[in-house]
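Lettered A, B, C and D in written order, each chain numbered from 1.
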Amino acid sequence: MADKKELLSQTIEHIDITRHNPAPLVEAMRNMAFSARDLARAADIYDRMLRDQECGIILCLAGSLVSAGLKKVFVDMVRNQMVDAIVSTGANIVDQDFFEGLGFRHYMATERLKAGLDDDTLRELHVDRIYDTLIDEDELRLCDDTTKIIADGLAPRPYSSREFIREMGAYLAEHGKTRDSVVLAAYEADVPIFCPAFSDCSAGFGLVAHQHERGDRPKVSLDSAKDFYELTQLKIANPTTGIFMLGGGVPKNFTQDIVVAAEILGEDAPMHKYAVQVTVADVRDGALSSSTLKEASSWGKVDTVYEQMVFSEATLAVPLIVGYAYHKGAWKNRTAKRWTRVLEPATQAV
Amino acid sequence: MADKKELLSQTIEHIDITRHNPAPLVEAMRNMAFSARDLARAADIYDRMLRDQECGIILCLAGSLVSAGLKKVFVDMVRNQMVDAIVSTGANIVDQDFFEGLGFRHYMATERLKAGLDDDTLRELHVDRIYDTLIDEDELRLCDDTTKIIADGLAPRPYSSREFIREMGAYLAEHGKTRDSVVLAAYEADVPIFCPAFSDCSAGFGLVAHQHERGDRPKVSLDSAKDFYELTQLKIANPTTGIFMLGGGVPKNFTQDIVVAAEILGEDAPMHKYAVQVTVADVRDGALSSSTLKEASSWGKVDTVYEQMVFSEATLAVPLIVGYAYHKGAWKNRTAKRWTRVLEPATQAV
Amino acid sequence: MADKKELLSQTIEHIDITRHNPAPLVEAMRNMAFSARDLARAADIYDRMLRDQECGIILCLAGSLVSAGLKKVFVDMVRNQMVDAIVSTGANIVDQDFFEGLGFRHYMATERLKAGLDDDTLRELHVDRIYDTLIDEDELRLCDDTTKIIADGLAPRPYSSREFIREMGAYLAEHGKTRDSVVLAAYEADVPIFCPAFSDCSAGFGLVAHQHERGDRPKVSLDSAKDFYELTQLKIANPTTGIFMLGGGVPKNFTQDIVVAAEILGEDAPMHKYAVQVTVADVRDGALSSSTLKEASSWGKVDTVYEQMVFSEATLAVPLIVGYAYHKGAWKNRTAKRWTRVLEPATQAV
Amino acid sequence: MADKKELLSQTIEHIDITRHNPAPLVEAMRNMAFSARDLARAADIYDRMLRDQECGIILCLAGSLVSAGLKKVFVDMVRNQMVDAIVSTGANIVDQDFFEGLGFRHYMATERLKAGLDDDTLRELHVDRIYDTLIDEDELRLCDDTTKIIADGLAPRPYSSREFIREMGAYLAEHGKTRDSVVLAAYEADVPIFCPAFSDCSAGFGLVAHQHERGDRPKVSLDSAKDFYELTQLKIANPTTGIFMLGGGVPKNFTQDIVVAAEILGEDAPMHKYAVQVTVADVRDGALSSSTLKEASSWGKVDTVYEQMVFSEATLAVPLIVGYAYHKGAWKNRTAKRWTRVLEPATQAV
């Protein structure tokens, strides 16, 4: 077995969709069958979202996407007003993006490590594995610690994850080691980021440490209901919405649910007008992650005119779909929604 | 298309594992190959958890399990000291179990509905679909409303989901329409239930309505960091643990993470000693839900001696695994951990 | 790494469904959701096939089923008139069943071997791996050789695979080392077995060696068109048919196609009246193995009244489905079709 | 429901990889994770096959690939000496490619048809469905008939599928309606095509009709052992081989097996030196289609230095992998093997 330095030598490099134009290829897929056709249609629906000036676009992230080399795709979406809000697992935002923002990197694992037989050794070396990717666990602890530092500096009250992540953006603006960070770019572009299960990541460790240290004294808490309330406010303020989902899980369910939440608040919000989901999850286990967008329409959450599931692992489909939309250029004529500005007063009103 | 009453006529019936003894069948699978062998080994590991008097058992639920007919399996686990804590998606606990506790039911959908072409009609009829299962949306709104009533009755402060779900148990103890409820049984047996993404379910709707109504006044909030803190306290108080996971998602990640959280709090908690996961998720998308238990061991979360993944949709595997352990009878000699009692003082100390 | 003897020490044991009655369990699954419900319905459809005195039942086998511990299930089906013809991959029939008939066994592989990192070592030791199962390659060569011996003893002409497999049955009747063989039981019960891609297995090696040795002289050849012709004759002679498919591949396609072939021969054969398929293949790749039975009905091959797909790996589903039908006992009143007797004259007429 | 003409109005269009250069995109995927990295490595291995002047390249096709819009990719591979032999399911070669060679087309199905609820109507309209693709069944019968005409014109003896498919190529050279046909291009470039389960397709219908009409008289038969013998001869004549597999099934198994077959004929053939497989099949069912290339190495069939599985539906991965290799241009310096010329004398010697 190699030593730690040798194991962590080959960095994951993030793909830059601004440099590759897959639009003609994707267009040629439109009249094929199976995933190619579905992907071309999904790319077209995302392009429609961008052309629809009224549409607010919500990007949902589940699965290890940032660590897999897709970070710059999301950064470019944020920078080029191709997305108005992000709903994500904590891992993508904190453990992976904020982590890289602090100057750390992800590394490529060998086939042998991927097979899982050396995980005991990795543990001893403080190397964590995500399938074929490696992380320096000691660096990850520094990331945990940083979230505690941020929590320690905040006034003690319940926060939405969005508010906390905005503080992380401010931290990176000052202390960050790279410009290419989703958290930083979103901070600068007033794109709110929500992690509805926020304690379920590196930030959770920081917050547990914060709360433990505070003991009976006032402390920061993470109000997941406030997350839901805030995202629902955005839906109410901007009724036409499109959702672009990578993976399923909590981000998918949470984002679909705001249509119902708006109704519960007495507002007549329309279903999500556009919806794309990229996933390999199999519908036959009946779980939410794999459930079709048609099924979501029975719940009154997603309209069925412009919806498309794409059966592909995300690292293949995302460069093609987002690359297509980027090079079609609709974003050039699109005005950023700057939804953080909508929320800041709304938040205070709560 | 049938009318609503006709659509909602055939109820889902929950399987009763106390009446079927699959132990000899499962034992015969031990020397086969593929999923049969894996399932037999998983059943054996769960049986070992029950025989290990020091082991605290955490059941993780993701996917539509309660609505699929597995509710009574979980109720029987709780009643027969076969589980000490539950970590779940909100859907299983609130939308499905608490919902049935209020006297409502789930219904079987026809093949035609399952194909997804009549979802627009279902929406108009206020019928929600989960794959091949139907729900009366009007009844679900009553469930949302009930969670608001519970929130309205609580002192305004941050709550862990566990605390809130305990209040739901108290509500069912008084107002419930059936004894067969996971929330009720867990309330009575002092088995804590955590939903780390608690706003992402029917209770989220109730809480959003509660917070909206309260406006600037003091209100109930849901502190997801407190969830993490509490479950970590249990790990610290009871270092030997086994996790029995159905599906992946937040419950899996959250529960695995408490080993690290304990370490961050300065406690030297061992990895989860036993781990079983039943899932059909494919490892090749690199996501947490499908990640192997070996991978979790690189993170220092799960030991590799007694771990087993089972590739099966849960409705097939769970009656066999839990039925095996039930009929082997190790629970008869097991003392319930009654972890709620551990938490109640701990919680107040936070 | 262990030596060969140590590696090949733990034998695969075949499950005996006559000793376990899963019927009450399967019945309890009927009103659940997802795979449990589908499996219960599939079991019911298979039971209907057995109760329908006119129905000829064709079992289709693809995937490593015999080596996985399901051999005795198929033997019991043959012995108890629960199947009238078998269409299979060559591997199940020759490399696995005939192989065990010669006295050889399959062995359980460790987790470590299953991970694939020691396959080079296995190769050096002449040990072949099927996922978590091991085979002694030297024994497999003896199996190849035996098929050559059988070929050498036959009159040189084109044979259907069924004719050749019948000769293998005769060989086992004389030289076999165990009674529990699908090939032997089928030989004794006049159940024809077809392997439409017969050269694609151990027998292919024997036949290649046979043909090579014969050079320009007359030799045995394997006429795959004759297979198709024969199975079609059975469909014409016995129009009501049910198909019970494990996995997909050539056996599925071939058996579905005989409806069309009958029509091409000018006979008005009805679609397969009953159809069950157990598979984990995902429909989204558009391949035949995963294609729904509804899709097959567009081709006029399968009727849609009694059809059911079951999403489960076969080692879990087959003991439940066949066990259910066995213990329901419809086979006791069923008359074996003894289709080999239909074919022997038909064959000679070709 | 639309009428037949309306249903069959939107044709599948085959992607032209010579017009899209994905090489920079694929190169950017090399340092990502998951499928992107695997795909980039697979593309690199295929490029290595093309650069290795000694390497004979065998393309294996399973699944509905030609009808899905990949036909021209395979045609371009044949025309540009990027492949030396093809091993395929009959469906790709006869029902789809030869069918289009006769002037017929495949059509796009709507979402509604894809859901499977109108398959009964499709049957009545003589429209066959492959997932999201439609075929005019009456045209398919003309394709069946044509294979009978070809069989009727041949001398009565056992044929390998390769010999028969070569006759189909000759037929298209004279009667074909389009130049873009794999069968025709392979005929012209002396690239042999094998369908080891040849009766399992449209040609099977033609051959059954031929044999039925001939009755006791001499007739054409399809010798699947001869297929195996011929492909093994190629391996012996050209020991260095690479296999590029789309899907699994019989083509995969058959092609891997020739290494063993050569050994049985007393020749010391090396394992396949290069191997790529694109598939979404899940390894956990233990079947051959999903089995890893590492597993194949335990059987002595595939070397492990240059092997790569790619988890992707083929319509997405193939344009990227083959497009990459095409635009890298190694084929320009490659000499076609023209393996048909190797076989023609070999065949006569058998």
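What we mean here is this: contacts are C-beta pairs under 8 Å (C-beta built on N, C-alpha and C of every residue); 3 or more make two chains touch, one makes a residue touch a chain.
The model shown is predicted, which means the values in this text are computed figures rather than measured ones.
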{"item": "Set of chains adjacent to subunit B and to subunit D", "value": "A, C"}
{"item": "Farthest-lying chain, centroid of Cα atoms versus that of subunit B", "value": "D"}
{"item": "Geometric centre distance via CA averages, subunit D-subunit C, whole Å", "value": "25"}
{"item": "Distance between chain centroids, defined by C-alpha means - subunit A, subunit D (Å)", "value": "40"}
{"item": "Where subunit B touches two or more other chains, by residue", "value": "33-35, 64, 68, 116-117, 130-133, 280, 282, 284-286, 311, 313-314"}
{"item": "Contact footprint of subunit A on subunit D as seen in their complex", "value": "10-16, 19-20, 22, 24-25, 28-29, 31-37, 39, 64, 67-70, 106, 108, 130-133, 280, 311-317, 319-320, 323"}
{"item": "Residues of subunit C that touch subunit D when the two form their complex", "value": "62-64, 68, 89, 91, 116-117, 119-120, 122-123, 127-133, 137, 141, 144, 158, 196-200, 204-205, 207-212, 215-216, 220-229, 232, 247, 249-250, 253-254, 257, 260-261, 264-265, 280-289, 291-292, 294-295, 297-300, 304, 313-314, 349-350"}
{"item": "Partner subunit B, residues of subunit D touching it in the complex", "value": "33-35, 112, 115-117, 282, 284-286, 311"}
